[in-house]
Amino acid sequence: MSAITSLSPEQKMSAIRCHHLIKRYGETQVVHAFDLDVADNEFVVFLGPSGCGKSTILRMLAGLEDISGGDLHIGGQRVNDLPPQERGIAMVFQNYALYPHMTVRDNIAFGLKRLKVPKAEIDSRIKEVSDTLGLERYLQRKPTELSGGQQQRVAIARAMIKTPKVFLFDEPLSNLDAKLRNHMRIEIAKLHQTLKTTTVYVTHDQHEAMTLADRIVLLRDGRIEQVGTPQEIFERPRSAFVAGFIGTPPMNLREMAVHGLDGGQCELRGGGGSVRVDARRFALEGRARATLGVRPAHLHLETAKSNGEGFAGEVQLIEYLGNEVLVSVGQGGEEIAVLLPSAAGPRLGEPLRLVADAQQVHLFDVATGASLLRPDAVLH
Amino acid sequence: MRSHKTRLPAVFIGPGLLVLAVLALVPTVFAIAISLQDRELGQADTGWVWFSNYVQLFSDRRFLNSVRVSLVWEVLTVSATMALAVLMGTLMHRCATPRWRQVLSMLFIVPVLLPRVSAAFVWKFAFHPLFGLITWPYKAITGEPLDLFADPVLALLTVAFVDVWQWGLFFAVIVLKLLETLPPQPFEAARLDHAKTWEVYAYVALPMLKAPLISLAFVKMVESLRAFDLIYVMTRGGPGISTETLDMYAFSQGFIESGRISYASSMAVLMMVASTVAFTYIWKWTKPS
Amino acid sequence: MPIPHSHRLAGLALALATLAPAALAQVCKEDVRVLSQPREGLTLLEKSKDEFKRLSGASFSVDNLNENDRRAKSRADASTVGKYHVYYVDEANVAQFVQSKWIVPLTPYYPASYDYADFDAGRQKVATFAGQAWFAPLTGGGDLMVYRKDLLEKAGIKPPATLDEFVAAVKKLNDPANGVYGVALRGQRGSGANVWRWMPFFRGYGGQWFDGDKPVFNSPAAVKATQTYLDLFKYSAPGTKTGGWDESTGAFLAGKVAILVESTPLAGNALDPKMSTVVGKIAYAVPPAPLTGGGYGHGLAIGARANKTEEAKKCAGLFIAWATSKENEQRRLAQGQFGELNRTSVLGSPEFAKRYGADLGKALADTGKVTAVNFWQDPAWPDLGDRWGIILEELITGSRTDIQGGLDELDAYAKQLIARRKK
Amino acid sequence: MKKLAIGTLLARLALIAAGLSALVPVLWTFLNSFKNRVDIVSAVPKFFFTPTLDNYLYVLNREAVAAGLVNSIVVAGAAVIIGAVLGLPAAYALARYPLRWGNDIQFFVLSMRFLPPVAVAIPLMVIWLQLELYDSRIALIATYTLLTLSTVIWLAIPAFKAVPKEVEEAGRVDGYGPYAIFFRIALPIAARSLVGAIAFGFVLVWNEFLIALMLTTSEAKTLPIVASELSQLGRDVPWGILNASVILLSLPPLLMVGVLSGFLNAAFKRKREAA
């Protein structure tokens, strides 16, 4: 965030500040005191399961939803009561929202015409934008004659041409097939590198979020669960929810009993398994139980030196992923997933014993789900 | 959803709603007022007679008959229309290629678009005892002309036939389109369960379309109120009063036989109240949301 | 209304172009609108539109409706906006139109040169109400019994002179297997349809409609008349149960009926080879006793509301006079429109005798003696007659069987009518 | 397998019969409209005859028919235009803006259709008489506006709902106000369905009979009234002329078969995609 100091004052005008934003529909409150600062040039991704309020907040930024409470500033100006066109934003919608009755050219020019931009300038800007996005050949076509990817490019062109202070993307890639989605994602990333326009991007796809975002805002039920760089979110999830939401295959979460051991160690036991952790890393004082979180990649097969700890069970299910296999190991109804090299070749029904990498485990409060990791704990 | 309070809804809905309300409510109020008077066409002096018209109605044999005929007409045309629509729609869905569906759909819309006056005339002529295309084979075989309009029961059935012809075929197209909106999986699943074709439709497809089919029946109930044009052109309520529906009798009383518009209006008011209450109830009942 | 307007201009242009009858051409300011029922004579008139235009300065247009509808529509129009300058009225509704002031007396606006007195006396009588003439007749007359000479001879039957003989003859001549029916009656509802043919039975058996304000038609005579009428329907040609004049006479003209009693124009039609397949096989006589002849007369009257000014009334009067003029009747005679001849000068002309022979003349003269006013001469007659028409239609088509019950119902209805009038 | 084939065959025969039933009476009327009276009034139906245009010439030259045609065009046209001008914006607002009384207004609009025409026509007759507008085109246009307006609103609501909301929002982000969005985005996008809705309104009014019968006597008579008057002529029914006028009357609605069948397809395609 210190990077912004090198930018010119004009560009600095495009920071977003949300202070205690609230959205209510009648009696039900769907966004609870949302606080966020988005720096100039930053690419922020709102991530969360459906219904978490991410699109609502985006639409509040755009001016498409009323703001029920709090303040919204864009570029230093309070914009709560400004209509969309006066907020200096441009938006790309999930289903492109192209004007079906207009040609691609007219779609792109529609906003500029409203601003009474001279025709010559409109033409030159269309040329510029369509060059950038490779749309020259399609300018005279109707949107229905284009493929999904091309339509999405038109939608981006329509947003770009207005040279907005802020780009808003509302799940722009979710209507595309997997291959095209990858391709467009990379294009959006490149575009941001070139234009450096402040961007807020909404998605439910963690892969998009991780790859595109400078910072991720993880939302749940209208509240911020965690804000941070992708790495922070992945490595230091602030809650069991974040930990479970981020990362594929998902983290194993299991409630266990806490037993203090000598030498600053703790042992967590439960469901026929146990793991030893460094008690100094976690705020475990006075706790009898905690939720253990361990990613499948951070489990390995028992070796000679792993003094009795670990999870025993039989192989219940094997999912082949290529280089690796995801193996469900279970005992007494509880299962734990582990990524193993394909070469290890586990077989169904085979008894295994898994040991967690003690440096990589997470512990959460059983009731609140809050992480018990001490802030100063070092990660590997 | 709109961030800025716009007056658009008021500006857009206001005038239309105002016009509708004036055009609907003023006549309604007038209809009630007139029904409480003793207005006759061409007679300047009118006075209030309050409910005497209504009292008279219930001892008027023709009024009671017309209520009966109207009810028979509703039940007959609605059920026959729905039966024809479901049958033809299903047959098209099952047995016709897409191209034939297209052709038949076009053809089946023709009758409903015909002005009812035209439809009535076209069939009246087709059923003409001497020159009719339909009655001709009967005449050629038996040597006797077939006069459908002379028999009280046949006359009603014949007029109802024309109504069902107009609406049943049109609804068949809608049933077809509805069937086409259904996902194919249940059909395939039922077939894998060794269901016969008709069973697939009777137990799988049509139950899935229950809601739209009820809506269709509702539309037909409302439209069946407009029997007047057909009856006016084809039978004038005859023979006797066997096809005299409420609107036909009200019109007769107001215009053909006597100019008793107050008396006619009292019938119209009863009809309006009955249909509004009945349809509102049915509507709310079929659309619980 | 762009059409009359353009015609007006056309009429004006024509008047200017011809200039000669300029004095007369000013009579009409706008086209004369006529509400009528189909009459061959009026259709023929349309061919002479130019003649009327020269005469009056305007044209005319005729809206035609069948008899029942014409009555309903003319009453609806006259009682509301009154847009028609000329109404077609008949014996049954002239009283209603006069009393409601929907028409004005004809004589002041009927140019003397057209000679109203030339019309048949019987028809003048029908056109007169409350001492004044209201319409100029287009058609009228009484009843004739028309029969197939050939069929009666073959069966060895004398032309029936009494109703009993008539019924017997009908039964005997009925031979559906060979496509011949005994009789043709009218079943279609309407005071001028089934009721019209039923009334001679009713009045013949001595029935009366009213005694002062008291309905008295609910009598044994009415029951007997109805019973006889229904019995005869068993031998009536197909299609007549819901048919009127057209179906009934049509069946006769097509050779499917042996004998019937109908309005006098049938005689002329039966002689017209364009319409009739039985030319040369028929004869006429007076209706069998005690049937009375149904005296009737239809004609054109001046609408009160549409003709607001004296000038307009004069224009309408001129149209009526022209339409019923001697010249136009002669044209009708030349076309064989027997039923639409009303002037003594035409009926007595050598051309008429030459065309229709002496038989018909004699039969018409004889039947004149039994012609009577069968209906109730009252403004409420159409209302009452139509009500009875419906009940009669029900009886004929079998949807009700109780004659006395039907008459009782009519009686109750008549009392309501009287009560409403007194109010 | 064989049984199934017979069943299919029978079903197809039934469909063909139904299809013919829709067409043949109309075609027969069409044929008859080119016949001389002798060819119509024949004991055995005639398929081959010498065609004549006399019936059409007569009908088109007949003042009543020409006047009826003009009246029908003016009255139906004006009522449809008024219905569309007032109805389309109202439908749009009802479709797009959540209103407290929205559902009640929609039901009120629908309930217009529950009113029996007689119940509307009798009082209106009295009203127009008192206003001295009885038997005028204006009175008929005003009355028919009730029909067209409610029909257009009712059918246009789903058409506007089918316009993707995001497209309108894109318009807002592009800087357009609510009115501009209606005229420049919603209206053109929904145009195809709206044409269908308007066409329905037109057919409804063009075919309307009872109200016209009661509210006109001569000057404002519409074509259905003129045609029915011709059809009721008892004496020497001019069958050929009558057939010709029925065809003339039916032609405009039949020309809309294509439009309306397209409207149906669009309406149900939406449903299918939504499902």
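Each chain gets a letter, A, B, C and D, in the order it is written, and its residues are counted from 1.
Please note the rule applied: a residue touches a chain if its C-beta (ideal position, glycine included) is under 8 Å from a C-beta of that chain, and two chains touch if they have at least 3 such contacts.
Listed by chain with UniProt protein names: B, D = Multiple sugar transport system permease protein; C = Multiple sugar transport system substrate-binding protein.
All values derive from a computational prediction rather than experimental measurement.
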The chain whose C-alpha centroid lies farthest from that of subunit C is chain A
By Cα centroids, which chain is closest to the centre of the whole protein? D
Tell me which has more C-beta contacts between its two chains, C-D or B-C. B-C
Taking the mean of the C-alpha atoms as each chain's centre, how many Å separate subunit A from subunit C? 94
Just how far, in Å, is the C-alpha centre of subunit D from the one of subunit C? 40
Whole-Å separation of chain centres (CA-atom averages), subunit B against subunit C: 38
Centre distance in Å when subunit A and subunit B are each reduced to the mean of their C-alpha atoms: 58
Contacts with two or more other chains occur in subunit A at residues 63-64, 83-84
Please set out, as single numbers or ranges, the residues of subunit C touching at least two other chains. 69, 76, 80
Can you pull out the residues of subunit B that are in contact with at least two other chains? 1-2, 130, 255
Per the touch rule, the subunit A residues reaching subunit D in their complex are 62-64, 83-85, 89-91, 93-101, 110-111, 114-115, 158, 162
Contact set on subunit B toward subunit D in their complex: 1-2, 6, 8-9, 11-13, 15-17, 19-21, 23-24, 26-31, 33-34, 39, 88, 91-92, 94-96, 100, 103-111, 113-118, 121-126, 130-131, 133, 136, 139-140, 165, 169, 172-174, 177-178, 180-181, 183, 197, 222, 225-226, 228-229, 232-233, 246-247, 250-251, 254-255, 261, 264-265, 267-269, 271-272, 275-276, 279-280, 283
Subunit D partner, complex, touching residues on subunit C are 1-3, 33, 35, 37-38, 40, 61, 63-67, 69, 73, 76-77, 80-81, 83-84, 244-246
Going by the contact rule at the top, pick out the subunit D residues touching subunit A in the complex. 164, 166-167, 169-177, 180, 185, 188-189, 191
List of subunit C residues in touch with subunit B within their complex: 68-69, 72, 75-76, 78-80, 100, 102, 176, 179, 187-189, 238-239, 241-242, 382-383, 386-387, 390-391, 393-394, 396-400, 409, 420, 423
